[in-house]
Each structure stands twice: as C-alpha cells, then as structure tokens.
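Note that chain A is present in both complexes that follow, paired respectively with chain B and with chain C.
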Partner chain A sequence: MEGVDASSIGIWGVPLAVLGGAIRISTPFLFVSLGECITEKSGRVNLGLEGTLVMGAMSGYGVSYLTGSAWLGVLAASAIGALLGALHGFLCGRPRVNDIAVGIALMLFGIGLAFFLGKPLIQPSAPRLPSIPFGFFSDSPQVRSALEVNVLFLVGLALAPALRWALANTRSGMVLRVVGEGAEAARAMGYDVLQVRLLATVVGGALAGIGGSFLSLFYPGSWNEGLSSGQGLMAVALVIFARWDPVRCLYASLLFGGASALGPALQSVGVTSGYYLFNAAPYALTLLIMVLSSSATEASADMPAELSVSR
Partner chain B sequence: MTAAAEVVRLESTLDTSHVRARQPPLSLEAVGVSKRFGGLAALDSVDFKLTPGSFHALLGENGAGKSTLVKCIMGFYQADEGKLLVGGQPITVKSPKEAQRHGIGMVYQHFTLVENMSVAENLVLSRADVPRIIDWKKEKRELEEFMDEMPFRISPERLVRKLAAGEKQKLEILKQLYVGSRIVILDEPTSVLTPQEADEVLGMLREMAYQGRVSVAMITHKFREVVAYSDEVTVLRRGKLAGTGKTRDLTPEAMAEMMVGAEVPRASLERRELEGAAKFFELDKLSANDDLGLKVLEEVSLSVAAGEIVGIAGVSGNGQDELVEVLAGQRPTSSGSVRVDGKDYTPTRAQMRQRRVRLLPEAPLKNACVGNMSVAENIGFRCYDEPPNTSLGWLVRGSALRSRARAAIQEYGIKAPGPDAPIAGLSGGNVQRAVLARELTGEVNVLIAANPCFGLDFAAVSEIRTRIMAARNSGSAVLLVSSDLEEIFALSDRILVMSEGRIVYESKASEANMADIGRHMGGAHH
Partner chain C sequence: MAQRAYESPFARRITLRLVLGAIALMAGIGCNKKTEPAAASTASGETAAAAPADDGKLTVGFIYVGPKDDYGYNQAHAEGAKVVATLPNLKIREEEKVPEDVAVQNTMESMINLDGAKLLFPTSFGYFDPHILKMAEKYPNVTFFHCGGLYTEGKHPKNVGSYFGYIDEAEYVSGIVAGLTTKTNKLGFVAAKPIPQVLRNINAYALGAKSVNPKATLSVIFTGDWSLPVKEAEAANSLIDQGADVITGHVDSPKVLMETAERRNAFTTGYHASQAKLAPKGYLTGAEWNWEAVYKGYIDTVQNKKPIEHLVRGGFKEGYIKMSAYGPAVSEEAKKKADEAKAALTAGTLVIFKGPIQDNAGKEVIPAGTERGQRDIELEKMAYLVEGVKGSVK
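And then the complex of A and B:
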C-alpha cells in the first residue's frame, strides 16, 4: 500500500471502511457480549447490560472529565458496572425472583439514572482514550483512519481466547460451567451456586461497564443521551448467536461491527440510495444468521442447562 | 426363582492380586440414631452396622426411614440422638463434604453428573482439591491409569450426555472410587436402569467390595437385588429397626414380613373371569412424534378386552409416556387410530364422556389436578358441567360438588381437611385417591393407568391396586403402563413390553418369564 494516493483507493474504500468500522464499532459489542457470556455460563441472564453500558459510558466520561485521565474513567465505568451487576446478582439470589424481570428493570433503571446524572456532562469535553496508529506505514488517510486501533479493542481481542481457555482449563472456569449446567450437581460438589452466579454477574457487569466507557471515551467519543442505540441488548443476543463461546463472541462482534459500518462506507463512495436500508444491515444479518444456524436439536446443546429460558 | 439366583457368588473367584497398596475399606456403624421432624419420629433409635468390604442392603417401604438414616450419615441432617462410628472411631458429620473427608461417598437416585461436560471433566471436578489450573495432559494420563484398575472403563473423552443410563450410574460409582471413598452409600441406584444394566452395575459394585476396595450400603426395595447381591441386610419399618442379618439366612418372605409387618394384610387381588369378552379397546398402528419431531411411537397396535388388564412394561423413556399422552389427548398422533367397542375414538372431552374412557396419569398432582383448586373442584372435573352440578345449564353449583366430594372422601378414605382444602396440600397417596374417586365413579369402559402407585406408601399402593382390579372385575378394559415390574405382574392378565416406541413382546401373565421380559426391555429384539 506504500505510496498509494488517497483518491486511487476508489471502491476499495468500502471494505477498508468496513474493516475499520468492524474494529471500532465492535468493541462495545465485544465487551458486553463477553460479560454476558460469563454471566450466562453461570446459568443466569442479565438483560440489564444495556443500562450498565449507558451507566458505564456516563460515569467513564464524568470521571475522565473530572480527573483528566481517560483510564481512570474506564476504571470507574467498570466499577459502576460491577456494582450494577452485584445488584442484579443479589436480587436474583432472593427466592422467587426472576432474572429476566430484574434485568429489564435494571436496564430501565440504568438508562434513566445515567440520563439524570449525565445532564451536566453533555457540554464539556473529556480526555479521550489513546489509540495505536497501525496505519503508520501508509500515506492514505483511509488506511490510517481504518487502522487507528484502540487499546481496549486489543484487550478484548486477547480476552476472548483467554476466556475460552479459562473455561476449559481452570478451576474457576469449570466451577462456573458446572453451576450453569447443573445446579444440583454443583451443590452436591459443595459449591455455593448463588455465590458463583453473583460473582459471574459482577464480572459480566464490569466488562459491560468498560464497553460503555469505550462509547463515550473513544467512539463516538462524547456523552449524549443517544449514545447507545441498543448495543447492550444486541450484545446479549450476540451471545446466543455465538452459542456461549467467547471466541465466537469475538467473531460475532466483528461481524456486527462490520455490518454496522456498511451504510456509512457505501455513502462515502457515493452510494447514497438505500442508506437507511444499509444501516439496518446488522439487524437483517442477525435474523438471517439466526435462521440459517438454528436447528431444532443442535442449538440447545450448547446452551447452559440452568438458564431460566431453557428450563 | 429369577435369573438372580443364577448369579454365581464371587467369593470363590476372589482375586487378591488386584488389591494393591490401597486403603482398606472401612466399617461404618450408626448407634441409636433418632431424628424427629416436628411431631413425627422419622428415625427411632436405629442401629446399623456395615462390615468392612461387604455389600449391605438397606430395605424398607417408602417412608420407612432409609433415606433419613442415610442423610444423617451423610451430614444432610443432624441426628437428634445417637452416634456414628467409622472404623471404630466416633465422628461427627455436618455436611456431605465432611462425610467425603471421612471416606464416605454417596450415589444418588438421580444422576449428579454434569450432562454437558466430558467424563474426564466430571471426574476431575468431583475431587476435593481441584487445581487452580488444570493440566489436562497429566490428568488424562492419571485417569487412564485409574480406569485400567477398575473392573469397568468409560472413555474419559466421552460427553456424559451421550452415555447410556447404565454407564452414567457406573460413572457415578467410579467417581466415588476416584475421590477415594472407602464407604459407598447408594440410594436406589437401579431405579432408572434395565434389569440387565442393573445386574452389571450391582455386579461391579460387589466385585469392588470383594476386592477390598469399598464397603457398600445400598437402599433398595427390590428383593431380587437384595437376594442376588447383598451379604447382609437391614430392614427398617416406620422409623424403627425391623430386623437385620445375613442375606443367605433370610428368605424373601421373611424380609417382606419385616418390611411390611405381620399386621398389614396384603391386598387380595381377586380376579373374576368374564365370559366371552370381546376386544373392547383397540389401538391400530398408532404413531406419534416427540417434541423434537422425532418418531417416538411406531405403529403401536394392541387390544384390551373388557374385564382384562393389559400391562405395558418397559424402561422409562421408550415411548410409554408419549403413548399415555396420546390417549389422554395431550399429544397429537401422526397416524393410526383408536377404537372403543368398535367405534372410533379421539380423546376429546365429549368422546371421553361418551365412550366412558378414564385416566389415571402418572404424577397425578401435575397431570390430573389443579393444585390450587379445592378437593371438591378437582373431584368434580369430569362432571361439574352436567346436572345435577349445574343450574340453568351453565351455573355451577358449588354445594352439589361439595356434597359429591364429601361422599368421595368418605368412600375412598381420602385424608383431607375438607372438600374446600386445596388439593396440593394433600399427601401423594391422598391426591391419587381423589383422582381415583373422580375417574372410577360411574360406569367405566376403559381405564388407562400410568404408574398409578409411583412414590406411594404401602397402604395406598395396596388400596389403589385393589380399586384397579375391582374396575377390571366389573368389566372395564384396563391398560396399565408401569415401570415397576412387580406391579405389572401383580395386576396384569397379559403383559406387553415396549421398547423404542414399539411393542416388542407379548405374553400371558401366567406364562410370562421375567428373564424374557427383561431381555426385551433392554432391546433384545434387535
């Protein structure tokens, strides 16, 4: 690509923009879906992660603005996420409490609270997260901007295979799976099922909070009420789509991110007809893949048996 | 006697070369153990002694206290009185984990394996000291070595979900040895197995006991298994020790008497023969699919004459549940037909009433009752919309239903606080009695019963069987589906065996042979 003139990229700008979009847009999807994957592996669904994501975005931006450090913002976002996760985990540990209902309540609570507390943060601008210019070799601004990779994405990239490994090769991972696959068996082995689920929900919330901080501190990179367009909820769906496997969560997030970038990318090369249609690409893609990959018998095999939707 | 008697005692073939430098099995002793729940004495000063390296059967009816005793030993409950000794040393056990530390392990009636994990993962996880990071290479090598020492092996790679029921039960037992248990307690380990699988599992256990690996205590109510496999037996009745001794010194009759006591008479199931009974209830090539759309009933054809009980035996999960669901109208058929007295029958409310088809489904509280509705309403389900229970053709008269229920409570001896009590508050036997009262009132042409006595105490069992027999003697065609062979033999005139959704065996009850039936249940027709 050395020395290629910007204007000569032409139609190649589309896949390049899709690649860049995949990397940028996928990061919140990736963190939320990895978090939800951990929570669901324990046999519980946290639908409140959309609220956690928005709270993470707000608090991350606020702390970054107040302290001048974007990384402190990320830390704060993960702490707030862990707190919301703990609230979900605690409530669901009470007898006769349904995790889906609690999740929906916490989603609305998180969004509402973030909007309320975040009012004064719409105007000021906070320090953003740094990125690594992997496109340094190229003169082309498209290439440079596409390969402007945020550190959080790299963290997520490493986290996915690490999680998959941990689920199969560590005590904590195995205990998590046992609790999600057979609560009775876990109790018979002497594990505290509620404790494990609480921890899994806390960790899931913390990761979702980090995903939120990416939204306000990197891309799009400011705080406003329209920041999340349901990424938190879609990430929960991604986990099902990825059949509860962290590495497949990564692929699914990339696919989703890429599909989301399709509309803007086509517009940038002059394809303007059907702009809104292309913006709906991720949703159409989800439906399509869900239909193609679903099976009456096989899909349920990967699903943690203790999930309240499968019981 | 059955095949059980033919099982050769292994004492003569005891091979001590297998006994390596391992911990010897332990003795276990419970002395004067008592446990009360509220006003009820579940255990009343019971003594139990398990000799090292022996196979001990713990026998008793439902509610006799077997499970309570075992739960006190395992630390699920704390005994109110009495003490436990392991290897002669007094111990206190506060949790199953503590029991494991003393070398006591338990195999439960239902599997405690994690279905979606491999055999290796299940075994490693069951250890008290799972390492933080698991070195699978090393673990697999050690598992192979462990399996090589065992009388039975299951490949560590296999997914538990894909194992057969018998293999799962063997894995449960292997798991106990793997974690180093020297006393293994089993709670009705063969209830989900075919007789052949049961023999393999129990044979393996006994071999392990004779090899000096473990002492085995098994809860059961199957005499066949007691006689064929145990060295010693302890019988409990109503929370008290009813007797104990060497199995070879006791006859099944003697054990049965210890179990039920001399004072309870066995229900006399008098059979009256009906002359010239025609085919009355017929299934013609009935097929149906399961919830996943897979074929679960394949062209099932059978007929039941008036005044006849046809028993369907089989290992659970071979289509019996679905057959009952089809006949109850809970599952659509894909082909075939059902006839009552030559007329086509589809299980709608109108036709059930017209053809007088009645049902005793399994788990009656779930399948035949609405738990939160009253006893009177539940008893009235078949007739609440008919006069005299309605006024003006649509208004249900609660008083009429209540008086009906009072009569039923009297006649069937249902122990209920009153007709207005919610039925879910009744004990299992009384729920079944209430359902019987509903289903057997009036004229009955066809009665379909599925495991009607499952989980009930002795008195309820004998009464319910007597009622079913009475229905037969008064001319009903009875189709009995049961996973309890003893029940099938006690009631049936003809016995069918169902396997993989097909009827694979048929015999008159008087000519039927347990070994043949067991073979067909296990799939010998292939």
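And then the complex of A and C:
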C-alpha cells in the first residue's frame, strides 16, 4: 500500500473492517446461537436451524416485499421460525425419535422449501430494515459505514445477558435447566418435560427465524439462494464453543463475525498472499479455541446432561 | 429412559418413515424442480427417444445450475433461451438448479426420453466431464452443446460441441468506462477464484482502465467460491473503505456486489447479465453474454442437418457478448472512448494482450512485439495479474 491519501484509510481499514464485520456479520450467528442455546438447555439439539434461518430469510423478505414493512417481515420470519421449531419439537416428542435425525431432515426441508417458495423473490427489491448511524461523530465515511448498526444487533446484544440472568434467576429458567439436566427429576417435580422442550424449541426456532430476516433484510440485504451458506450450522456449533452460556454466545458470534471480515479486509490493503487461510480464519479460530479449552479427562461441566446423542 | 419405556415398535417405525419422508420431500423440492412440467409430453414419450416429437417441432432442452433469474450466469443463459423459444418449429424445456453430478444425467435422460429433446444445452461448466460425455455416447442421435469450450477433437463424441465467448473484450471496454469515471483512481474487483478465465477478465479490465487513465489501479479480492453473498458484501465494503469508487466482480451472481456498492454511493460495472436495475444511480455499464447468437446458430445447424461445429468461440464480432446500456453517470468522453474501443475490438484491429506486458511483480509476461490475439491458446493458461493490479493469485 502506498501512502494514505484523503479517500483512503490504509491499514486502519483492517481493524475497522473487523469491527464493522463483528457488528454486521455477527447478528445472524448471535440469534441462531441464542435460540439453539435455549433449545439445548432443555436437553434437545435442533440441527434444523440452518433450514429455519433460510426460511426466515425468505419469508421475511417476502413479507417485507408484499407489505412494504420490513418489521412485519421480521415478525413473519420469527413466526415461521417458531412453526418450524414446533414441528421439530413435536416430532421429537414422539417416542424414540432421534432429535439429530429430525434436525437434519428439517434442515434440508427448510432449505428446499425456502428455495421453492423464494423463487419469485430473487428479482424484486424489498424494503430493508433501517439502521442507526452511530458513526455520526466521524467525518470519515468508512467509520460511519462501519457503525451503521441495525436495531436487531442491539436487541441481540441486550438479549444475551438478559437470557443468562433469566436462566440463573427466574423460575422458568430453572425449569428449563432442570429439564435439561435431569428429566427424571423434572418429572418428579411435576413438570411436563416434553412440553418444556417443545416450548424451548419453538422459542429457539423463532430466534433463528429473526436471524434469517437480518440476512435478507439488512446485511447483505437481499434474498438469494446462497444467502446463508452454512451460517446456521456454524451457529449451532458456536453454542458448544460457547459452552451453553448466552453471554459467551455473544462473544463467540462477535469473534466469528470479526474474523469473517478479516480475509477481505486484508486483501483490500494489499496483504494478498494466503487469503485462503485468512478466509478460513473463523473456522481455524474456532478449532484452535476448542482444542485449547478441551480436556481429555473430564466432560464439559457446562453441557446439559440430557444432551446425549445415544438416546 | 423411563418416558421411552412404554412406546411401541410401531411408533418407532412410523416416525422413522416421517423423517425419511421429510428427506425425500425435500429432495423432490430442492433438486428436481421443473419449470415446465414434463408430464405434458409423456404421451409421446415412449417413441420420442427414437423419433422426433409428434408435432414435428424440434425440442430443445436448457439446463441451468442455479436459478434462472439470478442476475448472473444463469440468467444470461435463460435470456438466450427465451429468445430461442420464439423461433418457429421449436419448443424449449428448461430445468433450473440442477447440480453438477449424476442429477444432470437424470435431467438429460428425462428431457431426451420424456420430452423428446433432440438438442440439449447443459450450460454449467461442470456438466461436461463426465456427464455430457456419458449421455452423448448413450444417445448418439441427440446433440449436446456445452458452455465452456472444453471440446477436444478426436477424444470427445461427435455429437458434442462446446462454445464460449471472449467476454474479456467487454471487460476491457468496461475498464475504459471505469477508468474515466473514477475520481480516486482506485477500482475494485471481487472475484471468486484465481482461475485463468477470471484472471483474464481482471487483467482485461485493468488494461482497459489503464489505457485511458494511467494512474488507475485495480484492487482484487478473492472470496474463494462462486456464491458467498456475505463475503462478497464484505469484500465490496472493504474495497470502498480503501477508496475504490468503482466496483465490479466475477462471481456467479453479482447482485450483492451491485446492491452493496450502490448503498455506499460507489459506481459499478456489471457482469454476466445487466444489473442496471439493482444500481440505478451508480451502474455504469457491464459485460454481458449474448447467448442467443450462439443458440440460434446451433439450432440452425441441427434443424438443417449441417455438420456440427465442435468448438465455437467469439467476442463482439460474432455477437456472443454485448455491453449493458450506459448508466446516467457515464460522461460523453467515456462513452466515446468506450465505443471506439468496442469498434476496434469488433474490427479486430485492437489486441488487448499486446506486449510488453508485465505482471504485478515486475516480471515480463508478454514480451514487446508479441501480440496475443483472442484465439491464442496461451491466454487460456493465464496465471498472473498484470501491472497495476493489486492482488495475488497464490
């Protein structure tokens, strides 16, 4: 890179892009991982959230296009997400149904259905969600662009600590944890385990749907079939990475979003060799932290005990 | 677990079926979506494989790897098919979103056996080997034309042809418009992968820009794959943050690039098809395919039983590529220079890759006095970025 001129911010573009990326890219990860966190706390895994995310993106975009209101789109996306969550919860409530298998089926189902119904939505342009210009203090268009923050991100930001608090301190949080830690105990206490899990999956699905609407209604901000490219699945993995803690889900999502912006940002300032490696940064980072935080001798104490694949 | 103790084996079987059913349903929806039902012609399907369809019309099948209104590669092909559909004595069948695996063989077979197709255009690059080659051997009476220019004389079946367009000519002209429009002298190019076809477009774009604006530089970001909307948006944002004020790209669908740049008030030039609608303010022009010219030629060949031309390539002169209409931000001077270059490329008097050309590490890649014309096979092995391009192919 030669000298920094008026229109360019040179190497400062990299931290700025990472910050902007952390804000822009992290939101879908955040919502899906918070949703999955709630579901998994109840002792059930919903791998179908990738499908929910894509369905949320498609239905949010469609409703926004038809009604002219992006917020109605978000609402529709969460409703569709809740519906898909209910389907997962219902199927898994049947005796001897494996939640992993149902999740994979629902993931493929959601993606296929979204592509099918979303066919006429590729060309039209729907109203997008508004953003709040937190960069108003700066004259630099780069800073202002990086700090265009969407309300959904702020909602997610507030939701994570609220969820952590609720899980620890409220009655419903306790019921959720009891069901996730020991179904027998919960049943002995008079709670309907299946009902709780169904609800947890519904809420998880609704959050994932909202995450999808962010993709199509804010960033990148249009519907097309490659929109998610696996972000829903990564977010499910992030929950394990975050050891089932909503606040750590937030950190993990921010980290992942920032790392995703690293590859393009470095190339734009002229660090061009090894971009495949930089593009893989989020995954490499996840692997690294997983390895560092793993233990050979004991299972993770944070893992809900009912989350066993052997069921 | 206790709650599972009283279940019946029947319930288990039923749920298993539910799951399998869901998977099968998805497979049906996601992969084999026909835009026009094949069932309509099944009545004549039994004999169709051997004889032409009942009404004497030639049935032509088009197969796309993605949605046909993607503002990109597939839309360019579908636009050509739409023109073909208006020709007399002919009907078309289309199928979208056919993966580059055994699924495309099934699609081809069903078009041949059920629809009576005699001529197929499987448009995606990855359809050729082994899928088209296998089908061509199995159905010697059907003609297959593939987009990509992969045909090898003597090695591949006689009923196969391959075509491609020298779209770098249109990229060169786009580069001229970009070079004369930029205020920062910085252009941005978002590309999927550093393969020769992509590099040739990048280099032609840079050379076009430099031909009118020696100060112009082109920064390239490789995203790593053909369709990664989030990464493409990030790449466009990063380039704009670094001062680039004209954005273009070579990915499957440049939709996100155009939309992101428009929101950031940057200019854009398009690729594959016209994206003018997506960026009404900033869209300058774009390099578009014009496949109808190729398709019409091929259909004439088949309808009049002429010998098949196995390898068809062309640029402006043959009408295989075209430019998008100029957008509102293009100056008269830029229009003039671009039109001149287009005329010279059409006439064959302008050679894009003409020495001396250095790569961006300072190594001479085309020596002075050497002209690499469009048909020069060396250009198809391109593995460098020319001087003035910021980026790396490694």
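Heads up, the rule we're going with is that the second predicted complex is superposed on the first by the 298 of 311 C-alpha atoms of A that agree within 3 Å, B and C clash if a C-alpha of one lies under 4 Å from a C-alpha of the other, contacts with A are read in each partner's own complex, and residues count from 1 in each chain.
Here, contacts are C-beta pairs under 8 Å (C-beta built on N, C-alpha and C of every residue); 3 or more make two chains touch, one makes a residue touch a chain.
As the structure is a prediction and not an experimental result, all values here were calculated from the model.
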**Asked** In the superposed arrangement, does A:Gln142 touch chain B (first), chain C (second), both or neither?
**Response** second
**Prompt:** If you count the residues of chain A that each partner touches, which comes out higher, chain B or chain C?
**Reply:** C
**Asked** Now for A:Gly112: first (chain B), second (chain C), both, or neither, which partner does it touch?
**Response** second
**Request:** Considering only the touch criterion stated at the top, classify A:Asn279 as touching first (chain B), second (chain C), both, or neither.
**Result:** second
**Request:** Kindly classify A:Gly221 by the partners it touches after superposition: chain B alone (first), chain C alone (second), both, or neither?
**Result:** second
**Request:** Figure out whether A:Ala305 sits in contact with chain B (first) or chain C (second), or with both, or with neither.
**Result:** first
**Touching partner for A:Arg171 - first (chain B), second (chain C), both, neither** = first
**Item:** Touching partner for A:Glu184 - first (chain B), second (chain C), both, neither
**Value:** both
**Request:** Overlap the chain B and chain C contact sets on chain A and report the shared residues.
**Result:** 184
**Asked** Which part of chain C faces chain A closely enough to touch in the complex?
**Response** 1-4, 6-8, 11-12, 14-15, 18-20, 22-23, 25-31, 33, 66-67, 69-71, 97, 184, 186, 188, 219-224, 227-235, 237-243, 245, 252-253, 255-256, 259-260, 263-264, 278, 390-392, 394
**Message:** Taking the touch rule as given, give the residues of chain A at its contact with chain B in the complex, in rising order.
**Reply:** 168-172, 174-175, 177-178, 181-182, 184-185, 188-190, 296-297, 301, 304-305
**Asked** Mind pulling up the chain A residues that touch chain C in the complex?
**Response** 5, 7-10, 13, 16-17, 20-21, 24-25, 91, 94-97, 101-102, 104-106, 108-109, 111-113, 115-116, 119, 122-123, 125, 141-142, 145-146, 183-184, 187, 193-194, 215, 219-222, 224-227, 229, 231, 260-261, 263-265, 267-270, 272-276, 279, 311
**Asked** chain A touches which residues of chain B in the complex?
**Response** 95-97, 108, 110, 112-117, 121, 124-126, 130-134, 136, 161, 292-293
